[in-house]
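Below are two complexes that have chain A in common, paired first with chain B and then with chain C.
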Partner chain A sequence: MNKPWFAVRKELSPRRRSFLAVMSFVLPLLVWSLVSYVPFIWHPQVEIIEAGEVDYFRTGMLVDRSVFEQERETLRAEGRELPTGTRTNPVYLPAPHEVATALYTAFSTEPQRRNEKWLHESLADSIQVIFWGFFLSSLIGVPLGILAGTYVAVSRLTEPFVEFFRYLPAPAFGALAVAILGIHDAPKIAIIFIGTFFQQVLVVANTTRKLDPALLEAALTLGARNAGLLFKVVIPGVASDLYRDMRILLGWAWTYLIVAEMIGASSGITWFITQQARYKNFDNVFAAILIIGIIGLTTDLILAWLGRRLFPWQRTARA
Partner chain B sequence: MYKPLKRLFGALVGIAMLGMSAQALSEPLKIGYSDWPGWVAWEVAIEKDWFKEEGVDVRFEWFDYVASMDAFAAGQLDAVAMTNGDALVTGATGARNVMIIINDYSNGNDMIVARRGINSVADLKGKKIGVEIGFVSHLLLLNALEKNGMSESDVELVNVPTNETPQVLASRNVDAIVAWQPSSGQALNMVPGATAIYTSADEPGLIYDVLAVSPTSLSANRDAWVKVARVWYRVVDYIQDPATRADAVSIMASRVGIAPAEYEAFLDGTKILTREEAMEFFKKGDGFTSLHGSSKIADEFNVANDVYKDPQPVDDYIDASITGAL
Partner chain C sequence: MTQLELPSYRDQSPEVADRFTRLKERPVILEVKGLTKTFDTAQGPVTALKDISFRTHQREFVCVIGPSGCGKSTLVRTLAGLEDYSSGEVLLDGKPVHGPGPDRGMVFQGYTLFPWRTVKKNVMFGLELAGRSRTAAEEEALQWIDLVGLSKFVNAYPHQLSGGMKQRVAIARALANQPRILLMDEPFGALDAQSRAKMQGYLLEIWKNIDITIVFITHDLDEAIYLADRILVLKAHPGEVQELIEVPVPQPRTPTQCLSPEFLATKRRLEELIHPPGQEAEEGINGDRLNMVRMVPVNAKVESVL
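Presenting the complex of A and B:
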């Protein structure tokens, strides 16, 4: 326990590791709580309790502190009834307990109409969109990336165009996707695909290129050729690194979810977020954003655990 | 390795075939709608399964307003709920349509909301205004400016999606915004001292909310559209009958995710029309008391302000015979 906390590239004890992991969540939560509950830190607005003689103030209205003070000064000078209020944060920043309540209510509220969905059903829709987008992208992107990383000819034929295309913003293809693929899940999956695929090819190709040349030379010396070299040496050699790439890319796919679901008919978790934002229920909006974060993190933890079992020889897969 | 792949391929082919056969068997009329009281009202019929009772197969798809018109323009919908002005804009830019049902006219829900200190449209001179350019709010703004002897060049327009207008006004980057409910109401709530300096109630009939159908679908499924119209007037009766109004409002409120009491206010700014009233507005005439007249004015506005180039044959956009057939 006397070892230093900050030693370059030295492993920490398991206790310290878990402590820091917990703190990485506790600290932001602490900042959020401080900003929410301690009035003098931020609270740039005032919630009116009594409007006093300010003609446009209403009970419950939020006004900027400067405006509130100014109106008070004016009224005080004239000796009229002063407004009162408490300092508060803008409606865009709900407090942690409000978001926690919203999170619970969002899941426990029963659908009121026949064609309405439970929140978890909407979430399942979103997860399906992500899954298919990522699956289809990987189905083509991974083999293409491996080939491009192995054979210079494939690399020269594909990568310049892929490099070009990856700069095109995926959401810009929304209207085209709707025109070709309809209004339901297909255009949304297409946006996730476009957002993921081109990065994927490049990342996979680069990882494949990093394969230890000694392995290839040894295999060539031992007489391995073409298909054998590819399937027996290259792919097994990069598999664990590719697995790690895929975990990162899956996170990438998630970030396209909201723009993808804005296209065509409203659906999934995005429907919930945009609708609640329209009516300024930001506690619900933050709750939904949290859900996405939790799902993403959980998936990643499961994949990491799986990775440790699939590639026991790879210590770096532990990250 | 081989077997699972084969199975996967089989599954994919299966899904594809399922999709195709479903399409071939029955093609419901696809209708896009969005968050406006006069269109959310359709939800009552969906919830009560009245389309089935009437024997017409429809499928309602919920969109953001502009996305719904995009989907219609892309040929993915048979009909879409929009305003008469936007029907012309959508038509002029490629997706011809025919207005067959007048749901309502906006009676105060569309507003120009200005920050404190701006008390009339005349005060807008030289100010920045956040508005979704080229759509219904733009039309309302132009109408307000013209009535006060100004034109678009007297103000500075900032293109803002209607959903985001409340935040934009709150950010003080603009002096006024143009939006409809719920965004207009949110802007009033969120920005202390903000007032509605001009609303659609100042020019009733400027904005009619309609169901616009693609001409192809209308000629192929005329009977079905008559049935849709019949269901619509069942909805209107249900909303206007004091005995059932509360139930109707609670269904509509649940569609948009707010409390019924809150939703009542939105209905007040929307004049939902009975069939008799609608037939009056379908009559040809000049001025805002006729859908023809109103659309004609919208068309002139749109051309004058370069929303689109060529005047539209307004009469071709209106077909009273479906509502008339009831």
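Presenting the complex of A and C:
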């Protein structure tokens, strides 16, 4: 245990690795808790307990500390009843325990309006939109990318246009998508598709190009020809790298979700967040954001685990 | 320095001379006629190979050696069909060849095993492409793996093998196609000295036991003499055949022959061809040499190392 914690690109012991992984979550939580529970760190506002004789103060109201102090000074000078209050954080920064409670109550609270959805329904909607958008994009993007990375002709025919199109922001197609595809899930899936597809083709093509050409030469001298090269060397050779690319691209797809859910008939988790912010239920907003994070991280961990089973030859011997 | 009294590299014992006579009576496997290759570069065309002609007979072991930049790799890659040539002819069994094919196996200097395939699946690669059934391919592959002594590793992935083992799998993979000729491009260049010596021994064993003709590129003089029946010496700029040497060291080869007079005589000849005496002066003119000044403090109490 005398080994240094900071050594350039030296592996740490398993205990230290897990310790640091836990700390990466504990530290931000600690900062959040400190800011929430220790009054003198920030708490820029005052929650009114007794309004006193300030006519516009109401119990439970939040006012800036400077305003509160000023009113107190004025009343004290006039010798009237003083307002009382406790220092608190703004409404948009709920404390950890409030968010933790919201993680449960957000699922159990009935929607405020009849046409709004429960949280779990919103989540299911979002996951469906992401899935179909990403699935359809991959269905075309991955084969096209592999072909573009393998055959110069395909690359020259597709990549200039893809390069151009990928600079067009996906949200710009929102209105168009609704006009063409109606107001339900189809235009949302289209936005995810547009946001993912063009990046995907380029990323896949580049990864495919990184395949060691010596492997192709070896395959040629062993009798491989066009289709054999593609299916027996190129595809298996880049599969594990493509799998890693897909994990990263899936993260990007989530970024376009917020745009997708704002167009047409609003729905989904990000719409839930917008609504709750409008009602000033910031504990629900934080809870929903956390849920997205948890879903993302869990998906990635499952995919990483699956990747290790799918590509056992990638596992490098660890010292 | 006193020079050893050595025989001429051309002196062959009756047995060796008889063996070469019989060797040249065997059918010709590979014939190269006036092979020329020019590259187009920004500075104009460069001749990499110029008018190279030679022939190899069945089960012959030919080494190609030459100074760096003489195009030995280009030559073997051209023979494999990985590069095209400007003029001349490459005949395999009397028929011209174009492009790469399974009739010419190749082992590269870098490791080119398919990392996603196990040892067995790597060796099965060519057999699958040849349309062999799965069981037949597997059975054949196992025999070749056994031949290179890696039966214990059939299900290992390449990243679990040492460099020498990887090259043995690469040899098995190339041989599984039963090529007419095995081309080897400095296959042991990346190995340490011990592994390399071991691999040379294995390769001679394999060569003795199967019907294979080998063209082996190397820059290591000892390796060339130890392995080859004949050595094709190239010279650089442009790559041309300088001499085709018949190695007078009797077969079968053993490591102890490295100090025999025939071996040393051949090595002296190769040294003359590859590092000719006038060359160092020439390099000096090109500025490719160290510029030595004594970098020791004036009052240092260090004697000259000599």
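Criterion: the second predicted complex is superposed on the first by the 293 of 319 C-alpha atoms of A that agree within 3 Å, B and C clash if a C-alpha of one lies under 4 Å from a C-alpha of the other, contacts with A are read in each partner's own complex, and residues count from 1 in each chain.
By our rule, a contact is a pair of C-beta atoms (placed from the backbone, for glycine too) under 8 Å apart; a residue touches a chain by one contact, two chains touch by 3 or more.
Just so we're clear, the structure is a prediction, and the values are computed from it rather than from any experiment.
Q: For the combined arrangement obtained by superposing on chain A, do chain B and chain C clash, or do they fit?
A: Aligned on chain A, chain C fits beside chain B.
Q: Applying the document's definition of touching, compare chain B and chain C: which contacts more of chain A?
A: Larger number of chain A residues touched: B.
Q: For A:Ala288 in the superposed arrangement: first (chain B), second (chain C), both or neither?
A: neither
Q: Between chain B and chain C, whom does A:Met262 touch in the aligned arrangement: first, second, both, or neither?
A: The first partner, chain B, only.
Q: Examine A:Tyr279 and indicate which partner it touches, taking first as chain B and second as chain C; both and neither are also allowed.
A: Touch status of A:Tyr279: first partner only.
Q: Using the superposition on chain A described above, determine whether A:Ala148 touches chain B (first), chain C (second), both, or neither.
A: Touch status of A:Ala148: no partner.
Q: Just to be sure I read the superposition right, which of the two partners does A:Val67 touch: chain B = first, chain C = second, or both, or neither?
A: It touches chain B, and chain C stays clear.
Q: Based on the superposed arrangement, let me know which partner A:Gln112 touches: chain B (first), chain C (second), both, or neither?
A: Only chain B; A:Gln112 stays clear of chain C.
Q: Quick one: is A:Ile130 in contact with chain B, with chain C, with both, or with neither? Answer first, second, both or neither.
A: In the superposition, A:Ile130 contacts neither chain B nor chain C.
Q: State whether A:Ala51 touches chain B only (first), chain C only (second), both chains, or neither.
A: neither
Q: For the superposed model, what is the least distance in angstrom between any CA atom of chain B and any CA atom of chain C?
A: Shortest inter-chain C-alpha distance (chain B to chain C): 18 Å.
Q: Where on chain A do the contacts from chain B and from chain C line up?
A: Overlap of chain B and chain C footprints on chain A: empty.
Q: Of all residues in chain C, which touch chain A in the complex?
A: For this pair, the touching residues of chain C are 80-82, 100-102, 104-106, 108, 110, 112, 114-118, 125-126, 128-130, 157-160, 170, 173-174, 177, 183.
Q: So in the complex, the part of chain A that touches chain C is made up of which residues?
A: Spelled out, the residues of chain A in touch with chain C are 212, 214-215, 217-224, 228, 232-233, 236-237, 239-240, 311-314, 316-317.
Q: For a test of understanding, state which residues of chain B touch chain A in their complex under the given definition.
A: That would be residues 30, 32, 35, 43, 46-47, 49, 61-64, 67, 70-71, 74-77, 116, 163, 166, 182-183, 186, 189-190, 192-193, 250-251, 254-258 of chain B.
Q: Under the stated contact criterion, what part of chain A meets chain B in this complex?
A: Listed in rising order, the residues of chain A that touch chain B are 56-57, 61-64, 67, 91, 112-116, 175, 178-179, 182-183, 262-266, 271, 274-281.
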